[in-house]
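The structures come next, written out as structure tokens.
Shared chain: chain A. Partners: chain B in the first complex, chain C in the second.
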Partner chain A sequence: MSASLGAVGVAFRRRGVPATVIVCLVVLAAAFLAVVLGPVLFPEATKQDILSSLMPAGSPGHPLGTDELGRDILALTVAGAASALVGPVCVAVGSMLLGILLGTLAGYERGPLDFVISRWTDLLLALPVLLAAIVVSGVFGGGYWTTVALLVLLFSPSDIRIVRAGVLEQSARPYIEAAQMLSLSRWRVMFRHILPNVSSLVITNAMLNVAFALVAFSSLSFLGVGVPPGTADWGRQLTDSRAIMFDNPAAVIVPAVLIIAVACAVNLVGDWLGQRLTRSGGLA
Partner chain B sequence: MLAVRVLGTLAILFVLSIIVFSMLHLAPGDLVKTLLGTRPASPEAVAAIREQYHLDDPLPVQYLRWLGGVLTGDFGQSIRLQTSVADAIGSRLGLTLALCGLAFVAAIGTGIPLGVQSAVRAGGVLDRVGTALGVIGLSAPTFAVGLLLLYVFAYYLPIFPVYGGGRGPLDTLYHLILPAITLAAGLGAIVLKLTRTAMLRELDADYVTSARARGIPEGRVRRLALRNAAIPIVTGASLLLTFLVGGTVLAETTYALPGLGTLLQDSVLFKDLAVVQALTLLVALVIAVIALLADLAYLLLDPRVRAKGGTA
Partner chain C sequence: MTGIDVALDGIEGPAGRMVEPLSFEIAPAASLALIGESGSGKTLTAKSLVGLLPPGFRAAGTLRVDGREHRLDQADASWRAVRGREVSLLLQDPFTSLSPVHRCGPQIAWTLEAKAGRRLPARELDTEVARRLDEVNLPARVARAHPHELSGGMRQRVAIAAALASDPRLLIADEPTTALDASNQAELLDLLRELQHERGMAMLLISHDLGLVRGRTDEVLVMRHGEVVERGATARVLSAPEHQYTKALIAADPALALDAPVHAEASVLAEAAGRAEASGLAEAAGAAPLVRATGVVKRFGERTVLGGVDLEIAAGEIVGIVGESGSGKSTLARCIAGLEREDGGTIAFDGAVLTPGRRSRTPGQMQIVFQDPYSSLNPMMTIGQILREALAVGGRAPSEVAELLQTVGLPADAAGKRPAQLSGGQRQRVAIARALAPRPRLLICDESVSALDVQVQAQILDLLGRLREELGVAILFISHDLAVVRRIADTVTVVWQGRVVERGPCARVLDAPVEEYTKLLVAAAHRDRTLSHDPSTDGRTIPA
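Entry: the complex of A and B
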């Protein structure tokens, strides 16, 4: 992994980071702060207080107002960042690791193992992620981390395919033949020699998967699946505040805009990173 | 070549049908209670359910009986709506088809021209605006776009109704405009991205340079390039469909439209498994068929593939 982190470093050190990317990085840094500091700053964000229900934005003590349960929108939104963002990042990292393992095995070992893994990805790709997640998560129940595990499984086919294609392309090259001639173990060839050369593709895809997972995750919690009621979570907040959307618009507009902003920022940084990494010596 | 493709599709559908069938047996809780729904669990009712669903038969026999029903259009009874699943789906299909159709037309109508223009003047103002809109369209979840559009076009500028399906064809159409735009935002972004990438590649090709050098009018050159760019755009159709399935559920929920998406969501939350099974299979079937048709369109659009496919 140190080789791939080095590649990211190279991408950053190059001159001329575009202004949009800087803005996106600021948005992501703010989101990261909210994830880390949210529970510290607003430990009682989900506490209900009927006496102060439905206050409009700009009320004293409640800059963004409150919802019908008297929860402060600002506190709820900052505290909701953790639930809305940690899951998607775990999904992207998890499906990346699964993709690296299965994709490398399929691409390097070929044969029956490749056949089984490839048919497995075909099967998973035949169903839309969101539909499968709604059905499985809704019918079988399960909490936050079950949903994360389910999405890891549903996101993995794209990672598996990308890694497999990269490994297939690399394993035909002379340096792999040389490594095999030195009778290095197959695990060493796969993960010390081939993997660093496909890492730029993998990292770019994982970055874009964070954006997709964010959308999928918030969609599920908007539909009332995956995140239990009463949790501080952006998607959940949108469902809960649907009834009061015209009484206190901030309760809906703020989390909706935040979801869009973070997803856009992740996508743009991912695209930019992808272009930089592929130009700086990774796979074309 | 084509036969292998069809067989592969059938194999995937077969495996999926087994998974969908097992869902009923794997779902947590007592199967009989799930099937009884809200009815009281008297011994007679339980016996009747066991009899009606042939629960005492071996699983493979149950599966074959269920599959036979599915293939003849009999998906069983909805415990929530107290009607046959086929009726429940049939009565809501029209609205979802109209919504998807409208969104599709809007997405193609804006995505392709904008994609072509972006590619022709790459780096220009239109291209940059288009790329920015594309990123937002691709990143923003359908429900977030829907809620924001509700504020703008139903609250601050009360042009469109807030929710519901409307009465009569014209009123329904009026109620569908905002949801269709919501859905088209994501779809159009995908079309725009596919079109722009494909057109950029074609406009860079030697035949375009040669056509321009011969003095062939720019409009005709672009039509030629677009025809060749059509292949990757059509191949992306399954991508559009995958987005459309999830997007429809979200858009219908956001605007409280009585379509298949809300039917699925309600049935999932109510554990009305017969409806969930039917809808899951239906979506898998539609996606498989569209993917096959996209491959066939590929044959029609590219004479080279057609020639190769004929000999193989």
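Entry: the complex of A and C
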């Protein structure tokens, strides 16, 4: 096991992966494990046990202590990873797909279609993300997947604009004119020729969006409109544990630090990936 | 001790040694040309003298400027004092060396202030910038223009003014005229010469083009694979080359053979000329030409780029279109190809009139080979994928990739590579193979060899001539380079400001031009690249 890990490390170093990025990748791998294994390891994380409420960190059986409802902080945090991370990843992927479709159409077709799509993104960009999310949750009753759908919509303008700009730049290149000389269909030109050449932009932006969405989700949960009370979720933990900040600081600090760590890690990996993709001129 | 003295101990790159030890001296006001193909190490050598080697490359040795010694392996910070003050670098493409978001004036002013080491009063600065612009024969109003508002020649003049603003002792000019057309090239090089003499500044001219340096530099170093293969006085090297490689370079340069009879050295092409005559006869017998463009008009906004142009291309004929940049020659080709929509006139293919745009055209009618082999291939696709796609369009089997590669002189294993793994010449061959895949009846070559080294240029020209012979494809060959057109075309059409000035058989138009403009163009081509065959009688050569 350690030998194979060593080999991976060597391979990474040989490809010039900086130490910071390796640390970030480890953080992300741990977060991923928590998402997958959390429900298995701690199926009863949200179970309340009033007898053991408000135990400080380091108590026997509760290394990170408990909150005022007697829920184990370690279990709650690991189990909360899924709720805190799956949503943001879905938001990033969803808005990326929306961005690829609308951005490519706008950038390649130009004309009225471009006008409509561009004004639509202007409109969405003018809306403050959190405020819009709070209003919509208030009106439609909120819920986790409603929030995901809403954030996909609100995050998509940046993807659409970035893809559109990349497609505009690529469209002027001779290889696109060469494809037109072969009378290839517009869909083939857009998605077979242009899209792979803007993929580095798209992927980098999606990584950055994961970080933004993570913070947005936590903020919404903190404000009480993201996930329902009683759910294991990092943002929810922050709200619920504010009152016991001085009885068991770990209840607030641990999820807060994790939110920051994962957001930073995704950001840094995204930056690095972007540089690599740009430098190598593509994914190959 | 004055002048420049370079002792390079070699340049090491990630793949081993790139440039062998070499040394040279340049006296004040003298000039040295460094000649070689791409990959010969000439640009690396130039970059090592300003500390701008790409990451992973290291140079060792010394550079002496008027006796002051600089080590070539010093850190970047110490280079700043050398760069600009003692040595300036002039790059090939003024579009990339000038900042696109700043006006031209400030770009010259920055260097002036950097040299003075303090902020200068605005009025003083304006006067000095105007003086510097005047030096390169530009009006003072250029200071307020953005680079994109200027023509290529004017941009390069601004770049020269900016490079000289620090009054360097050595100017390194890396292919300074490659991006310009013939008449601009000549003017610019003469301007550099003048400036050099006024300032007593040494110049290192990097070029792939031996013809270009004739009469314009004192000495020549010919490099190949990182080694100097020949050196000596320019006149001697050009008239009596000793090394086999130098001889090959001179032989491959169409410009140096500009005075030779048309097609004389290529029997294949001589045959081709005969065939053109045959096709001319066919036309006389009543057959419609392959392409007939009548009164084609194209406007971009207010500007009329094509003012009613007629053109005919017979089947199997090679028609050359020459003209300066901005003459409308590319626009005409793009209208024929359907990539631009003409505003007036008709374009007929095989007797049938085509409506403007791509929709009315099929891939089997015509294909284009573009100028820049670096951007005309999709960087994310392998050569095999690119060619299979084009074959499918022509209804041909994917298995024909190997045959197609062979036709354009590429090995079969090229199919697995991506464009980035190929050289410029190889990429242009792929672009030609792609264009041939749907079996087009007309191949449009829009400056297709302009971005290539002379030797590669010669190979591609031979290839095109051969393809016409074997496949009977007609070629519309667009170029600003008369020498190249002369080497391949049967008939030539001269375009100026969107109008046809003169047309006729290649030899007649280029050897005995009738129109004033054509005469100017031919004269510029001669002055630019082949001043005369005996440089010693050339008045422009520098007095010792």
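One rule holds in what follows: the second predicted complex is superposed on the first by the 267 of 284 C-alpha atoms of A that agree within 3 Å, B and C clash if a C-alpha of one lies under 4 Å from a C-alpha of the other, contacts with A are read in each partner's own complex, and residues count from 1 in each chain.
Quick note on the criterion: a contact is a pair of C-beta atoms (placed from the backbone, for glycine too) under 8 Å apart; a residue touches a chain by one contact, two chains touch by 3 or more.
Here the structure is a predicted model, which is why all the values come from computation and not from measurement.
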>> Quick check on the superposition: with chain A as the shared anchor, is it clash or fit for chain B versus chain C?
In response: clash
>> So in the superposed three-chain picture, is A:S218 touching just chain B, just chain C, both, or none of them (first/second/both/neither)?
In response: first
> Given the touch rule stated above, what does A:I260 touch, chain B (first), chain C (second), both, or neither?
Replying inline: first
> Which holds for A:A29: it touches chain B only (first), chain C only (second), both, or neither?
Replying inline: neither
> Of the two partner chains, chain B (first) and chain C (second), which one does A:P128 touch, if any: first, second, both, or neither?
Replying inline: first
> For A:L113, is the partner it touches chain B (first), chain C (second), both, or none of the two (neither)?
Replying inline: neither
>> Looking only at contacts as defined up top, I'd like to know whether chain B or chain C touches more of chain A.
In response: B
> What is the contact status of A:L238 with respect to chain B (first) and chain C (second): first, second, both, or neither?
Replying inline: first
> Where does chain C run into chain B after the fit on chain A, at 95-103, 113-121 or 491-499?
Replying inline: 113-121
>> From the superposed pair, tell me which chain A residues show up as contacts to chain B and also as contacts to chain C.
In response: none
> Of all residues in chain A, which touch chain B in the complex?
Replying inline: 122-123, 126-131, 134-135, 138-141, 211, 215, 218-219, 222-225, 238, 245-246, 249, 252-253, 256-257, 259-260, 263-264, 266-268
> In the complex formed with chain C, which residues of chain A make contact?
Replying inline: 173-175, 177-184, 193, 196-197, 199, 281-284
> For chain C, which residues are in contact with chain A within the complex?
Replying inline: 337, 339, 358, 361-363, 366-368, 370-372, 375-381, 389-390, 393, 418, 420, 431, 434-435, 438
>> Looking at the complex, which residues from chain B come into contact with chain A?
In response: 8, 12, 15-16, 23, 26-28, 135-136, 138-145, 147-148, 150-151, 155, 241-243, 245-246, 249-250, 253, 264-265, 268-269, 271, 273, 276, 280, 283-284, 287-288
